[in-house]
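Several structures are given next for inspection.
Consider the two complexes below, in which chain A is the common component and chain B and chain C are the respective partners.
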Partner chain A sequence: MFNYILKRFLFLIPILIGLSLLIFIFLYLIPGDVARMIAGPSASKEVVDSITNEMGLNRPLPVQYFEFLTNFLTGDFGHSYQSGKAIIDEIPIVFKRTLQLTIIVQIISFIIGGIMGIISAVWRKSIWDRLIMAISVSGLSLPLFWSALVIQLLFSIYLGWLPPSGYRSGFDLYIILPTLTLVLPNSGMLARVTRSAVIDVMNNDYIRTAKSKGLSNFWVITKHIVRNALIPMITMTGTNLSRMMGGVIMIEIIFTWPGMGKYVYDALLAKDFPALQTATMLIASLVIVINLFVDLTYGLIDPRIRYHN
Partner chain B sequence: MRRYSILILLLLVFSLVFSSVVVAEGNYGGEFTGFSSTDPKSLDPAALGSWDQAVMAANVLEGLARLSPSGQSIEPGIAKSWEVSDDGLVWTFDLREDAYFHNDENITAEDVKYSFERVINPETRSPQAWLFNKVVGYSEMRNGEAAEVSGIRVADDYTLEIELVEPLTPFVSMLASPGAAVVSKTAVEEYGDQFGQNVVSAGPFKLTNWEQNLELEMSAFEDYWAGRPYLDTLKFRFIHDENTRIIELLSGNIDWAWVTPAHHQGLTNNSVYKDSIYRVNTLHVAYFIVNMNEGPFGNNLKLRQAISYALNRESVIDSLQGRANRAIGIFPPGFMGHDQKATAYEYNPEKAKELLAEAGYPDGLPETYTVISLPWANLIKILEIYQQNLRDVGINIELKPVQQGEYMSMIGEGNFDLAYGYRVADYADPDSFVYPLLHSDSIDGGGNVAFYSNDKIDNLIEEGRLETDEQERKNIYEEINNMVQEELPYISTTHNIWVDVMNPDVRNWQPSAMDIHMFHRVWLAE
Partner chain C sequence: MNLKTIVKFIKKEPLAFIALLIVLSYIIIALFAPIIATHDPLRVKTSMNVDGEKIYAPYPPSKMHLFGTDQLGRDLFSRIVFGVRVSLFVGIVARGLSMLLGVFLGLITGFSGGIIDNIIMRITDVFMSIPAILLAMIVTLIFSPSLTSVILAIVVVGWPDVARLVRSQVLSIKNNEYVEAVEALGAKKIRIILKHILPNCMGIIIVSFSMGIPGAVMYEAGLSFFGLGIQPPSPSLGSIISNGRGYMMFAPWYSILPGIVLALFVLSVNILGDTVIDYFDPSYK
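Let's look at the complex of A and B:
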């Protein structure tokens, strides 16, 4: 088991190097002259050229890439073009905010989606099943910008209960509306996955055995069914989690949640290369690590899965 | 002695004006929350690049002169007056003795010199350095040949002389830009890299708190030379989404929002807000850019005229709910140089077809031409109307929206036949439109994106920079405008009207034609 984990971790190195190359090339391919963007439209050519020179933008591409890679590995992420601040000082602040939102959304979605999925599966084809599935399908298919708008109008203007957008550190009222908006599709998706997983498990022989040995319905569901249905639920949560890590850009913008998504969006508009490179590298690495952890948790949940050397 | 009596008289007038203003107006105190679409990242005058920064910066920064709240004219700032030598080359600024930095240091001519040289210094890499490019000694410092700018001279503690290489009447308008603000040398040295986030200047508000990507808070500067602002606190929240701003306004969390087209009707009919909607003609012009170096349009005036006649500008203005003025040339209505008598190119598709035939294309242009533009959804809707207008007369265009960076590169390199663009004045003077757009010195990076070169216009622009008489200048800019309408290197379409909405308790608000909104005189009713 230990060897397996070690091997998986070592394998991350070539993946991350390949990733850095891809990110570098893609960012380089974004059209437009960075120096001109920094200098502004009124600046003379002379100013633009001196910025190009100073930033080393006229050096050969491989040289720029290796500098980026070595800097990244040594933890020197450079300074943002926009703020002039060290990126290593900026990213933790915005990342923490995205992480906060992401984790809360995932926990709530996991609980709500899980419960909805189990109810649907156990009382299959009942009115509850139909109702729950209708809700989850709508939650899944509503466009985020639309549900965000409706939620803002409902809670902030008509009811006047909650602030429509913004952020305060710690757990403040501000987190409720973006959470609600994101829980809709996330729990919807999870409910569907859970339902089919539970139905799958219920068709197994050992469930019939458990029932016939006299276990109550409640115990059958909690001990046997749910435990076995956890794998697809965790996979789904892992996927949701890594998807959200990148910052749910649209939600962060609509709710002015100043997290990673907003940071990447601003950096992209300003062609702030150091900030973009670092942020995308970080997000991509996180997605890979999350997936690795999801893989490893399977072994903890399902005794049939054992990792051999 | 006579000089003194004039001074005393001036002081009297000033004190009368100010005391009456103070008596006539209202409450001190309170907090106002505005918006900005993004975090400005830095308010260092030397680092200002975009409009978003200038909106906030102008309330913190102050230079020798400042922009009036209307944005159309210049007021004294740290310099209480200035005069220009007869040859137009030497400007002498008489500084106030009671102007202070936010850290309570008294401002002297030495500080102004330091601040200007800091922006010019190539090591600062300031996008604002161009403001001083007509100052004697500018090039020497840019090239690293001199450690200071010989044309900026401290005569005594409160007198500064600036010598220019050529007369430049709009120079003082340039000095009113946030980029030419004075900064405290001790603060620059104290904060180093962090100065942009801890700016110490001399504007009516000082920075008090800045939460990254969230909001910026300023508070009243008690020792501001023109008296402290009415507001205690001025906040800007960074809200990118236009719709979210309106929702925040309606729920009472912010006091100011730009009115989106989608909310325009609702707000103008809203009983609470209908009297708190403000409009101002901005110093903005939108146009088709013709690449005068190449392509069929650059070489053929009749084709350009055909385009101008084919455009139904009124229908676009209707689609914008009337939030734009029709352009007749480059200067917006109410601004020097605007001339109703210039060739207006009233919508006339028949005339456009005739011109096409005269140009040798009786059946329309055989090819389809690409028009590059910025990728904004509202802009594309407008361009689609123009596209249909042009198709109706036999000119087929294809729209190619590209991101800003790519757009700037393509335009800068002349990689286009036609493009759609706009210009916002950098300083409140007609020169800010014509010098970058039309002077041949501005080709290749200076803003003359049509690659247009005309000796007569060059001469007129230079005359305008020399002339000090208002009426003479007006004639010059009207003449330039007429020539632009005859030659059409830029086929102008519309001028934007800024529409915003305020919390109904806000008093004395005046949106700025320069989009640089000043809050010094804004106050709140109960």
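Let's look at the complex of A and C:
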């Protein structure tokens, strides 16, 4: 068990190195003279050259990569070209906002998706099952950027209930619309996963035993089924984390929610490379680490899952 | 397939049948876009006279312009028809290329195992850890936004899933006795892969290809929506939705209609896919 965990953690090293290499190469390939961008369009060639020298942009690539890696590992992320501020000071602020949005979305999706999935599975083939599955597949099929626009149009332009976009610290009205947009596909996905998990569990012998003991349907569901169905729900959250982050990025851009997603997009458009590479590295590393933890907790929830395989 | 089985299918899965019809009609729209479009999708007309009054674009839906027009007075119905064509083209080509790369790597890793398998699987881990839309945006910036860069971006984002899927399928086929038998007969590895393993993966490959098309279409639309995709004046569903954003208040049809067209396609393919998956899964019968 301990060996397994250690092995999994050691595996993180090549993956993170690979990740940094990928991001470094991809960002290097984006055309654009960084020194010229910093100096401004009217700067003379001498100024641009001196900036190039100062930043070490004319050094060989492996050297630049190695510097990027060591700087990243020591937490020296550099300064944003756009704001001029230290990236290490900016990231926690934007990260907190993304976390706030993501956690609320996850909690609500878990509750709605879970309940929908259980109803669907228990009354399988009923009209409710079909209705719920139709709703969840529709939720999955909506293009996020489009449903965001429609929700903005409905709730803030037509009804005038909520602000269309923006952010205010704390739990303000601003969080409602982005949350609603993200809950639609997420709860749909969770409903489907829960449904098939519950169906699998219900086919097990111990459920039949519990039922024949005279346990009422309600107790069978809450005591046995929900607990066992939780594993696939949590797994799905882990394996879909990357995809979910993609959704969060789009929603943050459209609702001008100033979190990690908006930060990384602004950096991308402005070719603010230090900010872009740091944010991308952090988002991807987070996905990798959380996936690892989901994998490991797996065995804690369900002792049947063997580590040796 | 005769008429009887078709009627039986319609009775058993009416929703899937409707979805199938919708998907077919999208294919027809894409193929015959120039015939179906009522106007030239690029023709600009910024003002026109209605009952002696001069009005300015965007015009609301009317008999002349079924879906209304955009801010330049270009007919939205025709733009959406051509947008479907562009989106489907990108979706099919991009998904096809992702499949090629993914199937190739999946076959190699699944069959060879060992260090090659380990390295390529770690590479898929790396690619899958970056949120797809972000990775796709970065790739489009490398090649500057265009049709080709969008296709490339979708391939970069799409292949890891395919490689993993094919790999797991190969792993389960590899241990079959008939594979061991041909191996014992001294067949070359390449022959075993092409003659015995690949054909047995075809089912899963075809399902994965078709189920991946809506995803590819969505990424194209997403990239175009954020201005990193297909460039004007060529219409794509995502770019039309994006352009309409600024006119939401007084021309809501502009963004809403192309979105419905996009969502309906994705929904139909998803419903079809669910039906196919249910059909092959005995526990759902």
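Points worth noting:
The rule is short, and it goes like this: the second predicted complex is superposed on the first by the 281 of 309 C-alpha atoms of A that agree within 3 Å, B and C clash if a C-alpha of one lies under 4 Å from a C-alpha of the other, contacts with A are read in each partner's own complex, and residues count from 1 in each chain.
The rule we apply is simple: a contact is a pair of C-beta atoms (placed from the backbone, for glycine too) under 8 Å apart; a residue touches a chain by one contact, two chains touch by 3 or more.
The model shown is predicted, which means the values in this text are computed figures rather than measured ones.
Judged by the touch definition given at the top, the superposed model places A:288 against chain C, while chain B stays out of reach.
Of the two partner chains, both chain B and chain C are touched by A:253.
In the superposed model, A:157 lies in contact with both chain B and chain C. Of the two partner chains placed around the shared chain by superposition, chain B is the only one that A:54 touches, whereas chain C remains out of contact. With both structures placed on the common chain, the touch criterion links A:146 to chain C but leaves chain B unconnected. In the superposition on chain A, contact is made by A:26 with chain C only, not with chain B.
Judged by the touch definition given at the top, the superposed model places A:70 against neither chain B nor chain C. By the touch criterion defined above, A:243 lies against chain C but remains apart from chain B after alignment on the C-alpha atoms of chain A. Applying the stated contact rule after C-alpha superposition, one finds that A:209 touches neither chain B nor chain C. Common to the chain B and chain C contact sets on chain A are residues 30-31, 149, 152-153, 157, 253, 265, 271. Looking at the complex, you find that chain C touches chain A at residues 15, 122-123, 125-134, 137-139, 141-142, 144, 214, 218, 221-222, 225-226, 238, 241-242, 245, 248-249, 252, 255-256, 259, 262-263, 266-267, 270-271, 274, 283-284.
Those residues of chain A that touch chain C in the shared complex are 11, 14-15, 18-19, 22-23, 26-27, 29-31, 133-134, 137-138, 140-147, 149-150, 152-153, 157, 199-200, 203, 242-243, 245-246, 249-250, 253, 264-265, 268, 271, 280, 283-285, 287-288, 291. Contact residues of chain A toward chain B in the complex are 30-34, 36-48, 50-51, 54, 80, 82-85, 90, 93-94, 149, 152-153, 156-157, 160, 163-167, 253-256, 258, 262-263, 265-266, 269, 271. Note for the complex: chain B touches chain A at residues 38-39, 41-42, 47, 49-50, 122, 125, 127, 129-130, 133, 142, 193-194, 196-197, 211-214, 237-241, 243-244, 247-248, 250-251, 253, 402-409, 412, 426, 436, 444-447.
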